[in-house]
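Please see the structure below; I have some questions.
Letters A, B, C, D, E and F mark the chains in the order given here, with residues in each chain numbered from 1 onward.
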Amino acid sequence: MEKFNIMLKGRTPKESYTVTTEQVLPDDTNPLNTLFGGRLLQWIDITAGISAHRHSSRICVTASINNVSFNIPVKLGDIVTLESKVSRTFNTSIEVFTDVWVEDRLTARKSKCNEAILTFVALDQHGKPVPVQPVIPESEEEKKRYEGALRRRQLSLILGGRMKPDEATELKALFGK
Amino acid sequence: MEKFNIMLKGRTPKESYTVTTEQVLPDDTNPLNTLFGGRLLQWIDITAGISAHRHSSRICVTASINNVSFNIPVKLGDIVTLESKVSRTFNTSIEVFTDVWVEDRLTARKSKCNEAILTFVALDQHGKPVPVQPVIPESEEEKKRYEGALRRRQLSLILGGRMKPDEATELKALFGK
Amino acid sequence: MEKFNIMLKGRTPKESYTVTTEQVLPDDTNPLNTLFGGRLLQWIDITAGISAHRHSSRICVTASINNVSFNIPVKLGDIVTLESKVSRTFNTSIEVFTDVWVEDRLTARKSKCNEAILTFVALDQHGKPVPVQPVIPESEEEKKRYEGALRRRQLSLILGGRMKPDEATELKALFGK
Amino acid sequence: MEKFNIMLKGRTPKESYTVTTEQVLPDDTNPLNTLFGGRLLQWIDITAGISAHRHSSRICVTASINNVSFNIPVKLGDIVTLESKVSRTFNTSIEVFTDVWVEDRLTARKSKCNEAILTFVALDQHGKPVPVQPVIPESEEEKKRYEGALRRRQLSLILGGRMKPDEATELKALFGK
Amino acid sequence: MEKFNIMLKGRTPKESYTVTTEQVLPDDTNPLNTLFGGRLLQWIDITAGISAHRHSSRICVTASINNVSFNIPVKLGDIVTLESKVSRTFNTSIEVFTDVWVEDRLTARKSKCNEAILTFVALDQHGKPVPVQPVIPESEEEKKRYEGALRRRQLSLILGGRMKPDEATELKALFGK
Amino acid sequence: MEKFNIMLKGRTPKESYTVTTEQVLPDDTNPLNTLFGGRLLQWIDITAGISAHRHSSRICVTASINNVSFNIPVKLGDIVTLESKVSRTFNTSIEVFTDVWVEDRLTARKSKCNEAILTFVALDQHGKPVPVQPVIPESEEEKKRYEGALRRRQLSLILGGRMKPDEATELKALFGK
């Protein structure tokens, strides 16, 4: 019963909101003494996966990482905060945004150093993909990310060779005349 | 002298070719007993970074991960091979393709389970970005990836808000009329 | 100037509030397939240390762990949330509470599985202990923990042989006639 | 038969004596290049758990960490020795002392840098707590730690809200008139 | 059918050839900032184990490490390549050579820094040792290593007390009159 | 002065005796749920390196691993004890024996599961090899290992191509007529 309602009503991004805070230890650095990219990706994958799980109440596996950019080098000893929220779902797949912030040691002011977009697939107990409830965006940013998800999905299907550029109506509207 | 020639002549993808082979240990798995996404991303980042380094003879840091898709679940005990090659460079940035293969234990036949595209920036000894030599693609696949790099770069600039869709001539040609 | 004010005014526990969310992976378990105690302690130490840092704007090192109890076994795949807040300071030392919650996969209901109390020392750039600003408790729980800190400090000094039971006025009031 | 005798006779602390020696590697350090507190806690938990296991011949899980103090910073490259012994048991719970020593590189003289007290619970094959044999202290220090265990247990029960200060006869004798 | 042929025909060392490339991160170093020996041994064991697996299509466990010498210190940031090939088999045991190369950052010239010889045992699905197909050496070096394997095996049996020096005909020929 | 005496008098194996106790956690296992060979090698290398350090009061780096055999599979949850002692020195190099024991959970009886022989080089503060004091063997086993060290050294020099079989007088005596 309760489940039916969940499926009907969907969940807000706030309900899948997940925060993680890490301090960069020597174990996490590259030879330049800055945060090693592979370690940050590991943190992002875990945090985003928990958001997908919280949205779907299902075991979720990473389906793709659509875009992660590393803008600011993060130094040894820096404090890093990762914030994930589900942005939109498509049948069995779940798009998650992870924002990464680095914190100034003295002023405690946070600067955004990364933004990652990942897609997860929710699985049932036999490891088969299973439909998930929709997302109900609330804030302005959540709505914007919800809107953009369709464009990103078309892009991803084209890049993966599973959609023809011609069928990507959202993208045609963006780039075409 | 030698350096000058390197800059002029560029390097082939074969010169930056990097292979890594891993066996999935319990330490690398998620609660489903399959390879944990964050660990695979770590392996991809290291392998691709070595390709960028081999192409540029410079310290390279991860600038972005443009697309990684996880097609096949990789199981505990499976043997995974990662192959990276530089596909194209743009001034100080280096695009690298990493192909990930999983190997059937009995037949030793490899199936491609992931394809990742990463961008690195080459740094000089003061940590400043530094121009790198061009890529000279040789095989058909290398040429195709070299061609596509410009489209991917425009996409990435648009997604990062640093280019307007209107200026992305390559993409307009693809989607627009 | 600003610093002077900080010292005078103190900081609220909310300002040092730190959250971390982890999913228990095989790498984190003991032979019973539950979360390995040593790994949880590592997570607690990092999270609490970030709280101490956020309160003091200083590098902080662990001085003691006063009490951690493990009430509920945490299973492979469970989602664990750690929340830390500074409870009180004494000259150069900072007491931090870390509450650990485990989340039911289906209902998302959180149960408290651990409560840890740690003490950190703030260091200046030469590695010498340095005084920190006081704590201004706001909520009922923050006030209760602030009050209790003096008792815990006396206990810790007695256990460490640096105070005689006779001098522990707070504790005498508790146990004595 | 043999088991019966074990239960009757108890075991000496010497029988659960466990030693571990580690060298502090970069992987174990914090941004100050000293041993990271979380890593030391992990080593303590493993060593103490082996002592509990050796005393009880049972699988043991950490129940609480009562007190750990970090007196001396341990530097990169230092050699650290951990020594654990069971100090006393209470029905299904086992108290373990772990002494941590750091070794001077030249003189090989050891200084005590930590002392930790942990409690474990012994489990049967169904994961249920199971009674363990008593401890027979031999040396002066073992006897002193055995005596103090009752006080520490009362303290722990009070801190955990499972005993009223009024009922803690051992502590009342210590602090009260 | 196919299996029968494999057993009959054997496999070339090229068929078990396995490459791994690693960059030395802070996590991999000792207090001298060079590659920690234990980490290199871990990389060698994984790579060689994959070669044994590729030769035998069986799960293989390490039986012994006959000789590893560390000739050149490997520095933080260096790129290390490990190449493994099966050199010879004896009934259920598989000898593997792993050559380790370190790469000059500027010239990309590789120097051999280690050579390791390991022995693995192939197991069937019940964990019992199982015979493996022979090796067909092709290159000069492969033939030389194939020849030497018998001597090394006799040595290893003598060192392990399972053969008398007198029976070691290969070694007698080498050292004796 | 003191140093002079140390050089003159040498040290007994007991003075470099180093013990480490580990419990096999999931993090340490291979896909068969037994202790992963690479992890055991890491533990052996650390323990043996501490023995070399204790003998020489110098920083020591691994020079070679002469022989390690894995006789008994070690299972998840097993308790493993490693004991290292210096067996002999040659100018700047130090030979260390590490015996590895696995402990029966119920009877606490230990079985020897590995024996490893490693060689380290002692370095001065500039990273240059430096002579170390001799070893004074006491027990029967220590004397036997001391005697065998010369044979093993000749073997290692021959295997490394730095000695001709003809010059290995110790080995000739063993194998030759």
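Keep this in mind: a contact is a pair of C-beta atoms (placed from the backbone, for glycine too) under 8 Å apart; a residue touches a chain by one contact, two chains touch by 3 or more.
All figures in this text were calculated on a predicted structure; none of them were measured in a lab.
Enquirer: In how few steps can one go from chain A to chain F if every step must land on a touching chain?
Expert: 2
Enquirer: What are the chains that chain A and chain D both touch?
Expert: C, E
Enquirer: With centres defined by CA atoms only, which chain is the most remote from chain A?
Expert: If we average the C-alpha coordinates per chain, F ends up farthest from chain A.
Enquirer: Based on the averaged CA atom positions, which chain is farthest from chain B?
Expert: Using the mean of the C-alpha atoms as each chain's centre, the farthest one from chain B is D.
Enquirer: Determine how many degrees of rotation, between 0 and 180 and to the nearest 5, align the Cα atoms of chain A with the equivalent atoms in chain E.
Expert: 120
Enquirer: Between chain F and chain C, is it the same set of residue numbers doing the touching on each side, over half shared, or a different set?
Expert: Mostly different residues.
Enquirer: Mind checking the centre-to-centre distance between chain E and chain F? Centres are C-alpha means, answer in whole Å.
Expert: That pair's centroid distance is 21 Å.
Enquirer: Centroid of chain B to centroid of chain F, CA atoms only: how many Å?
Expert: Between these chains, centre-to-centre, one finds 43 Å.
Enquirer: How many angstrom lie between the centres of chain A and chain C, each centre taken as the mean Cα position?
Expert: Centres of chain A and chain C (C-alpha means) sit 30 Å apart.
Enquirer: List, in ascending order, every residue of chain E touching at least 2 other chains.
Expert: In chain E, 23, 26-27, 30-31, 36, 46, 49, 59, 77 touch at least two other chains.
Enquirer: Give every touching pair of chains, nothing left out.
Expert: Listed in label order, the chain pairs in contact are A-B, A-C, A-D, A-E, B-C, B-E, B-F, C-D, C-F, D-E, D-F, E-F.
Enquirer: So in the complex, the part of chain B that touches chain A is made up of which residues?
Expert: That would be residues 30-32, 34, 36-39, 41-46, 49, 59, 61-70, 73, 123, 127, 155-156, 159-160, 165, 168, 171-172, 174-177 of chain B.
Enquirer: Which residues of chain D touch chain A in the complex?
Expert: Checking each residue of chain D against chain A gives 26-31, 33, 36.
Enquirer: Contact residues on chain A for chain D in the complex?
Expert: The touching residues are 23-27, 76-77.
Enquirer: Which of the residues in chain B come into contact with chain E in the complex?
Expert: 15, 18-23, 46-47, 49-50, 53-54, 57, 59, 77, 79, 105-106, 108
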